[in-house]
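Letters A, B, C, D and E name the chains as they come in the text, with residue numbers starting at 1 for each one.
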Amino acid sequence: MTLRARIVVERPAFRLDLDLTVGRGEVVTLLGPNGAGKTTALRALAGLTPLTEGSIELDGVRIEHEPAERRPVGVVFQDYLLFPHLSALDNVAFGPRCQGRSKAEARRRAEELLDRMGLAEFSSVRPRRLSGGQAQRVALARALAVEPRLLLLDEPLAALDAHTRLEIRSELRRRLTGFDGATVLVTHDPLDAMVLADRLVVVENGAVVQEGAPTEIARRPRTDYVARLVGLNLYRGEGDGDRVTVGGLSFAAEEHVTGPAFVAFAPRAVALYRARPDGSPRNLWEGRIDGIERHGDNVRVHVDGPVAVAADVTPAAVAELDLTPGRPIWVSVKATETHAYPA
Amino acid sequence: MTLRARIVVERPAFRLDLDLTVGRGEVVTLLGPNGAGKTTALRALAGLTPLTEGSIELDGVRIEHEPAERRPVGVVFQDYLLFPHLSALDNVAFGPRCQGRSKAEARRRAEELLDRMGLAEFSSVRPRRLSGGQAQRVALARALAVEPRLLLLDEPLAALDAHTRLEIRSELRRRLTGFDGATVLVTHDPLDAMVLADRLVVVENGAVVQEGAPTEIARRPRTDYVARLVGLNLYRGEGDGDRVTVGGLSFAAEEHVTGPAFVAFAPRAVALYRARPDGSPRNLWEGRIDGIERHGDNVRVHVDGPVAVAADVTPAAVAELDLTPGRPIWVSVKATETHAYPA
Amino acid sequence: GSSSTDGAAPSSAAPATSAAAPAELTVFAAASLTGTFTELGEQFEAANPGTKVTFNFGSSATLAQQITQGAPAAVFAAASPATMKTVADAGLAGTQTVFVKNKLEIAVPPDNPAKVENLKDLTDPKVKVALCAEQVPCGAAAVKALDAAGLKVTPVTLEQDVKATLTKVELGEVDAALVYKTDVIASAGKVTGIPFPEADQAINDYPIATLKDAPALAQKFVDLVLSQQGKDVLTKAGFEAP
Amino acid sequence: MRSRVPWLLVVPAVLGMAFLVLPLAGLLVRAPWSTLPRRLSEPQVLEALRLSLVTASLATVICLVLGVPLAWLLARTDFPGRRLLRALVTVPLVLPPVVGGVALLLVLGRRGLVGQWLESAFGFSLPFTTAGVVVAEAFVAMPFLVIAVEGALRAADVRYEEAAATLGASRFTVFRRVTLPLVAPGVLAGGVLCWARALGEFGATITFAGNFPGRTQTMPLAVYLALETEPEAAIVLSLVLLAVSVLILVALRDRWVGAAA
Amino acid sequence: MRSRVPWLLVVPAVLGMAFLVLPLAGLLVRAPWSTLPRRLSEPQVLEALRLSLVTASLATVICLVLGVPLAWLLARTDFPGRRLLRALVTVPLVLPPVVGGVALLLVLGRRGLVGQWLESAFGFSLPFTTAGVVVAEAFVAMPFLVIAVEGALRAADVRYEEAAATLGASRFTVFRRVTLPLVAPGVLAGGVLCWARALGEFGATITFAGNFPGRTQTMPLAVYLALETEPEAAIVLSLVLLAVSVLILVALRDRWVGAAA
């Protein structure tokens, strides 16, 4: 393990308590809702926020008492924090200079990095004149320039446009692959998380709620937040082998579970009917439409009832079924599309 | 038309020249790569950057000579710019106060808005203590509080997590629907753009390159940037009815076009083969693998050759075909998945 | 030379006459008169119940400037005839009278480290000497005295006023200085004064005058200063009668 | 968690501190402490102290009211001659205070350019009054405030002001509700400089307002007179002035820091 | 594009400007211009001017070297007694300059606490030397620098310093390469205050360093003495001092503003 940390930070109205291990060359992504404590965790790792308790071990060395400047850590901040008085080039060359490289060497290295970020022509520009995305890329280059053994990124791709994002994501991916240190990344974007992360750590309210490979988490979310994140409907109930009881409903699922269990299915697996359907789908209940919004090419319908559920239907269906908020509606999910797993 | 503007801003190394019209209740999204001039355009509309040339007409009144504070405009800035010395509540109440409302009234209105943003408990908190996403939501509430007739949003959802984003997107959508003024929104996120926009304006290098309904643009991108944005492969060639010639290749497509034409197809429509396939697909050429990256559940393979192309394949296929960068590969696209339209 | 008003009956002899309205008298006086005039002021108030004497002490030059700019002063007591002349030239001064003279002494620290005994010792380059600047009365007097003795002294500093000069001696920064006898007395043993004969050729006159539009009370105050009672207070402080 | 001590900063800082504080120690050592109680019970001393505090505070208020807008004008607007005006603001700093007093007499004195008009129109004359002391102190102290506040304004992020403008705030509202709170530390620093300078003001005050006990005799003037008669008393008086001002500054900072946290 | 004029700001700003500049106008009106050429050709005047500029600049350099780190210490670190020290920094501001000069003599004079040791060890004594002038000016002017810079440091965003620390910068490097450039406007403002105050310094200088033409007689001393005999000459000398300082400040600003843009 490269990084092994227990991070406890106490704030007046908030407590963060995370165990975090990151292997050699591994990329761990912290995913969590706003205010979950992701930034706080990164700051603690970087040495900018003192730990209330806990320890941080990097390559076998305890660093929690080292000051920030002596931790072999590179940080990309959520709002860039590029030095306003230095050109893009000098921002990037700052770290190498601090590491004792000659001015020429540091500038050469910075030029190379900016070039790789597609910013060669902006090297003499001050941050105030950079657009949001340009600034973000300079910040990324600046953090990479110190060749850190622990790389911390707080929403590194948030300000990038889709085009640039693809490129920078690949660039980042490539850097991270050739990087034998540990990487901790914070993002809100499930796609970024899925693409970049070897392992996801989902944080809510200062604590880890789920941890694992992206595909595993996408398949078996354990909290409402994660479920929504990956676009699933998720409920917690009690399994008795065949069926899982949630609220007043009893769900049939692909898998057999006994004891506390989760039930999950995708919004596109949900069918809506004006009248009670006759057919065979065994998971059926009546609800009331709560809200409707466009979602990609489809329409996402939120239905209240014994359980709240999201359904994706085609725009044609909306017109055909005359779906309007407040209207009662029948909801059905096929058992073959419903997954159950132990809670 | 509510907003009718010609915005020309000249900078040492940059020229922005946009024509923009937004109808009553319409939401227009500016989409474009970093540095395209989106923020500059919003600043000009808000009165923060002077026009070099052009005019801005809002509800039939010319406002380009009005100072910012007398334009009926609300702005959400890219980096929030919440007043650090005021609580969240006072930040939101600032606008109503400036409009001459009583203190109590302004605060009531601000409380209501914060509540709707799910931030009721943070109303007495200073911005420095808010997490990134919380701050963004306060900024949104602050802009909405002045009941503007032109609402300008610079990446309003960028810092929100997927969960909150869904909610705030709906909230925003609802507000915008009940809002009979004009809305101009800048975003990098194609999903946000597709969901929120009635019309997309794609800006590159200071000029409009494409404009239209989201679905239309998604179906028929006219620049490489837009194509990548919506996840399509796009080429420009010469049609002679049956076929379109691009570089050395001749594409068969669903549609018949004569003269300058675009050819577009999705990465998932592309099939890869180790050896020349025998079957009937008529669009076939040999290339060389340029890069491979995970993309959602699939793998995206970039192939160089007579034209550069992106292909989405399953992880299983990667193993089976032993896809590694540098390896030669055969590429084929079915004519039925290939679309052609006039350039 | 002094002018006429000598010998008039001391006004303090008629206490009851002007008791009617409480009257205020503003006296502008050189800073070196602070101690003596404050005492005389108290005596004047005691002798003229219902009157209040207000002093404005400062550098004579500043006071002259203030008076020519319209300051509401009734009496001006200057530390040099030159400053009084400024006021007189502006047509603001009544009759001028020299009421005291001040004489120079050599001031040395009590331990007298440079063993200074007379004016000639000050010419020794190893002795650090402070003089007043030529522009202020004590400096002008020092130049006169040295000229009279035919000596040339190179001081380390030319001070703005006597007090500053004296401070340098008190703190031992200089070995000797030329200051007024009154200052040596006021320093209460922190410096030792050495009289020297050439001082008689460099005596500084202090003129006093009532000012234009002054109330009758002003002349009474001047009379008190010139009276024997006034002389007593002033000579006790080291001033010499004119 | 703390870094190594940055000696290159701490050593000069400590030297600087010593340079400022040692002379004070010299005064403390030499002061005739035994006479302190007697001094403090003299009504004249207390009166001078009160007058000093009152006039310095009033002068600071005037400087804030006129100086902060002036700093804003110099920092945020562009008009012909602004650069020259900005340099002229430093004039009262460079002017020897006694000359400053003379200049004030020439303008506001009974026979001055503006003063004679004040006198004939309102029968009101500034010199030799407590108001005159306030004017003299404000004149000498205002540049400190203006320059400090202008520096703070230039260092502040104007984008917050832009955000306020889009919310409908007039330039004055922007100034009052956004700019001013953002540069509060700079205004406080300037205010402290200004108040302290006013409190120690001597030359312009004695020249313009004279030296009348209870009316225009502030502590520095009392110290000057004490130097004439009893030099050691002057040291005691100075120390009293210092002690009071340090106490007030410590109390103020606490209050202010408390309010801002 | 411009807003309406914010009268509530412009009116007090113009009043403030008038208050600062009018007395100068008074001086200009009264100055005996005809004697100006003669004055300017007097070698003593030029010498005093040169000495003033040199000593004020040296004093400013000393203040920058010692004062900026001191401001940093007060703004960025926490140690017991910091609040008291911060208040003590203002002491030389409040101290009447003449008393300040006495305090310096008590410490650095021939028989002072430190001075007697300097004299016996190096045969070196500060009073009555040009170095003494620099010391006196630095003592009086340093608080202006420290307070202005501390204000600027407090208003600056510490997150940039954090970012620099994560890039491996020691606290001193952070200070030199990030903090200092960020607060440059504040340091400039403080430096201007400091220089101007040093240039106008009179009381402490004459008390500590004495008055000897060519060695310790700066312009304010020359002005003061001229006031004693020829008030009009004093006005001319003051105006010369003002004109030179305004010229230098305008030139400096232009240069500095040019470099920052």
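Criterion: a residue touches a chain if its C-beta (ideal position, glycine included) is under 8 Å from a C-beta of that chain, and two chains touch if they have at least 3 such contacts.
Just so it is clear, the structure is predicted and the values come from calculations on it, not from any experiment.
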For subunit C, the least number of touch steps when starting out from subunit A: 2
Third chains touching both subunit D and subunit C: E
Whole-Å gap separating subunit D and subunit E, where each centre is the average of the chain's CA atoms: 15
Subunit B and subunit E, separation of their C-alpha mean positions in angstrom: 55
Where subunit C and subunit E are represented by their mean Cα positions, the distance between them in whole Å: 35
Centre distance in Å when subunit B and subunit C are each reduced to the mean of their C-alpha atoms: 88
Shared-contact residues (touching 2 or more other chains) in subunit A: 47, 67-70
Of all residues in subunit D, the ones touching two or more other chains: 3-4, 98, 102, 106, 112, 165, 170-171, 182, 224, 227, 231
Multi-partner residues of subunit C (each touching 2 or more other chains): 62, 65, 167
Contact footprint of subunit D on subunit B as seen in their complex: 46-48, 67-71, 73-75, 77, 81, 83-86, 94-95, 98-99, 142-143, 146
Residues of subunit E defined as touching subunit C within the complex: 98, 102, 105-106, 109-111, 127-128, 206-207, 209-213, 216-217, 221, 224-229, 231
Residues of subunit B that touch subunit A when the two form their complex: 31-36, 39, 78-79, 130-134, 137, 155, 158-166, 169-170, 173, 188-191, 194-195, 215, 225, 228-229, 291, 293-297
Interface residues, subunit E side, partner subunit D - complex: 3-4, 6, 8-13, 15-17, 19-27, 29-30, 65-67, 69-70, 72-73, 83-100, 102-104, 106-108, 112-114, 138-139, 142-144, 146-148, 150-152, 154-156, 165, 170-172, 175, 182-183, 185-186, 188-190, 192-193, 196-197, 199-200, 202-203, 219-220, 223-224, 227, 231, 234-235, 238, 241-242, 245-246, 249-250, 253-254
Parts of subunit D lying in touch with subunit B, wherever the complex brings them together: 159-160, 162-171, 173-174, 177-178, 181-182, 184
